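Letters A, B and C mark the chains as written, and numbering starts fresh at 1 in each.
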């Protein structure tokens, strides 16, 4: 994992160079941050406006002996974009994967603390993972469409949840609703700004799409399940600048209806798309969490300031 | 986008329902195991259990299971529990239950006495009903009612004694008869499987989760059965073979350990017959095959992955290698008989067996070595090349050492495989059924120089020689009889010796793999 | 690769010649001589061996000396030449198998010539009538009874090995926790290691007598139980090849499915299995190949009567398969009878080779398709 992260740091730097560079003005140069400072609770006790969608309290993650996240607490407000930034190996991806329990896949991982979605702890007994992941969708770092047609990719989730039926049996028993499927596919693709590019080839294999299209297809696939929260793990890191800007526009647009949490390596991207930003630094600590503007203009922590101005990480 | 219905993130408490369904799954598991025991003759179906015949008890258990399974479905359908059934049980379940009910309909109507036409008709009708009952209603009914009723039917047939001890049915034209002793356990196995699957789905609350649980129960059952068969086989051979293997075994006599079964031949002079000649034959066979196949296979793998450019030649070699890998061992035997025997004195000989097995081992060595060499990261080669080291030096000092773990493991496992091969040496190496100790080949002591071509000869290599697997085969074809005290015990001891030799290679191979893997991770 | 036009063909030869000339010019003449002597004498030794000449030892000795000398002085070049020679061994072996088995089977094919539509076809008689009798008149060598037996055994074996094998592969690749996998995987490998004659021995001493009593049979040989035993033997092949195919499906695809709220089982059946479908079917094909070629268990457990069971699908008879026919008959047979055994070998070899090539083609296709994803 750290290997890919390093590779992407270089890639993001390139992306940053070509894209409009808004953060230049924020790059306040400071004296070299040699001093080791403590993380102070008040830097992360940020109260965002609006309803709290996700409430994380004192979250610890261990991978075997490795302490990947240390006591992270933060509240994510509804219908907004929250960016998670930080250097490689700081635990931001781990944190993201805790929010829909994808960490359960890694057997060595142990999670302590609570994550509440709409006030319900998702780490208590009896949580329905199917229901959780329907509500908290996820888009991955590299586009991962299924080796199926575009239509099947989009309708995959609803079909698996029994919301629409397309099989032979459904046709035999007259339960198939092609119109509903059609509407769902169109609505999801349109919401992901992909409909115009693919509406004439819905039956084509999704692997034939370009990288950017594949990633938007993955977003459409996620939207088709009608989630409330969308987690994105560096969704643009494998894409070229043009595809990246399309994804960024899409993220901003999605925040009108969904709660979006996006991990990114690119500070420019965080500054462009997010409403609030959480900065993780090495060792799995959440150092500062605040309005994006505040983080980039005037961070409280010296380490965050160094990181943002490029002196560290 | 608003959602019409909001399902709870945390499921309602279904403890009682889950406990009931879990118990049903467990009961089905117990019934399955008991059915297996009855099939294997560990218990008899007319043994009394709490005052009833076992067969009747089986019937009662199946009845209970069937009723319970239907009950789970009803409870969910009527909304007593919080389950998440999908609209239909799915095409796979529908097809399976259709097939089951066609068979049930045909068998039941046949037992009532209908002719072929009637049986077909009843079968089709009951199959159709089962299809409708599975496919049309919601999943909680569709995957329980057809399963439950078939289980109830099986249970009824046993409880009422329609099928039970003493029942028999002659399969006209098949020259076989079905007895209650085998049919009752078969019914129990089948019905417990169906009801267990259905109860497992209920345990998971139907829907996606229920299907997950149902499928997992079946897969775990499959894996457990495979492992049980493995353990059972090895244990059975061990138990049967130990008396023979340790016949006359002693510690502390003239030689430190005396183990006549391994150190004696089977001649008239030996008071305890042993397998020494065959054991030595197997050892030499393996040595010969390894000497031929390992250098050749590893060399070819080096050439293919380091020198050759990917093209028609490498593709042809790859196809040929995989073709050789899957060529039946008896074909290798035929080949050895046609090609090698005429060239080594026109009789079955040790060297013909060695080379035949070598030809068999070659593709195994080549495939695993090639995988191991390809797994060596290119960075190693680049780093070495960047230092100005020649290609061959790189291969010798960087690639091969890095590939050694994989090659070693592959060779050991391959040797284990060929050490137990019988068919090729049956046609090429032969040997006696019960060879005396003097028949053991003395390869090292038999080299002779001569003035005429071929200048070097070794009579031991050119003689028919016995090996463990061949001797076992020869004993079986001789009807497990012979000029020794207890041929049965001798044969089982021989089988155990062979099994231990082969499993030792596997154990060493697998242990080597773990050792290297652990070393790699540190 | 399409065939180049003739001019290209000439140019390519010329290029090769120039390349060779440059190579010869650049290489130390002594090294070149050593390699030439070494390879030439190896070829001579091979020819001598083919001709069964007692003088084979001479060129073979020359090969050893030349190679040893070259190895000491010009290791790189000699290593390359020797490894090349080793590579050709597989091709040569396959070629020799084809030549020798076919050559030996020619008399039998001649003997069983039958005419179809006025054309006499050698070997046709093996497949148009059903009598195999090498002793009493009329002596006929039909392979149909044995092909029927092989089909019966293979069909039952596949019914056992394919579903169980794929289920076990799914378990190892997708379901098992690491610790359990570390236990189950070697277990299945060990299952592959149990020698076939041991299976046969257990079948002969335990299963056959049991089946004889449990179903009131004449003798205990049944295709049913031979098939089940052979299926058990083919199982490890199916498991290991299918497991390779399943693990080669990228994890990101499975994660994508799980993140949409699909269960593990749904992800397996809708994503992993379809993506690995070619590999899994190749595994089943290879398993079928193993079952067809399995010899000892069938030889020991079957009755050894070359006859077709009646009715055709009667699994309670166990007569003979192609493999057991060869194993049982070879040695005591001679003349056309022996040649007919080679003909059975040809049928086996060609069938299994086709299965092998077919499964390789399917696997290559799968690799290409998944290759586009990663």
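By our rule, contacts are C-beta pairs under 8 Å (C-beta built on N, C-alpha and C of every residue); 3 or more make two chains touch, one makes a residue touch a chain.
Nothing here was measured: the structure is a model prediction, and the numbers come from that model.
Novice: When contacts are scored as defined above, which chain pair ends up with more C-beta pairs, A-B or B-C?
Specialist: More C-beta contacts join the chains of B-C.
Novice: Going by the average position of its CA atoms, which chain sits the greatest distance from subunit A?
Specialist: The most remote chain is C.
Novice: Measuring centre to centre with CA averages, how many angstrom lie between subunit A and subunit C?
Specialist: Roughly 50 Å separates the two chain centres.
Novice: What is the distance, in whole Å, between the centres of subunit A and subunit B, each centre taken as the mean of its C-alpha atoms?
Specialist: The answer is 46 Å.
Novice: How big is the gap, in whole Å, between where the Cα atoms of subunit B centre and where those of subunit C centre?
Specialist: A distance of 18 Å separates the two centres.
Novice: Check each residue of subunit A and list the ones that touch at least two other chains.
Specialist: 130-132, 160-161
Novice: Identify all positions of subunit C at which a residue touches two or more other chains, and write them in rising order.
Specialist: 262-263, 266
Novice: Two or more other chains touching the same residue: where does that happen in subunit B?
Specialist: 208-209
Novice: With touch defined as at the start, can you tell me which subunit C residues reach subunit B in the complex?
Specialist: Residue list for subunit C touching subunit B: 1, 49, 52, 54-58, 61, 75-76, 79-80, 82-84, 86-87, 89-91, 93-94, 96-97, 100-101, 103-104, 163-164, 167-168, 170-171, 175-176, 184, 186-198, 200-202, 204-206, 210, 214-218, 232, 235, 262-266, 286, 289-290, 292-296, 299-300, 310-311, 314, 316-317, 323, 326-327, 330-331, 341-342, 345, 348-349, 352-353, 355-357, 360.
Novice: Applying the document's contact rule, which stretches of subunit B touch subunit A when the two form their complex?
Specialist: 1, 3, 7-11, 13, 84, 86-88, 90-91, 94, 135-136, 207-209
Novice: Mind listing the subunit A positions that touch subunit C in their complex?
Specialist: These residues of subunit A touch subunit C: 100, 102, 105, 107, 129-134, 137-138, 140, 142, 144-148, 156-157, 160-161, 207, 218, 221-222, 225.
Novice: Going by the contact rule set out above, which residues of subunit B touch subunit C in the complex?
Specialist: So the residues of subunit B touching subunit C come out as 41, 171, 173-179, 181-182, 208-209, 211-212, 215-216, 218-220, 222-223, 225-227, 229-230, 233-234, 236-237, 295-297, 299-300, 302-304, 307-308, 312, 316-335, 337-339, 342-343, 359, 362-363, 366, 390-393, 395-396, 413, 416-417, 419-423, 426-427, 430, 452-456, 469, 472-473, 476-477, 480, 491, 495, 498-499, 502-503, 505-506, 510.
Novice: Contact residues on subunit C for subunit A in the complex?
Specialist: So the residues of subunit C touching subunit A come out as 177-178, 250, 252-253, 255-263, 266, 270-271, 274-275, 369-370, 372-373.
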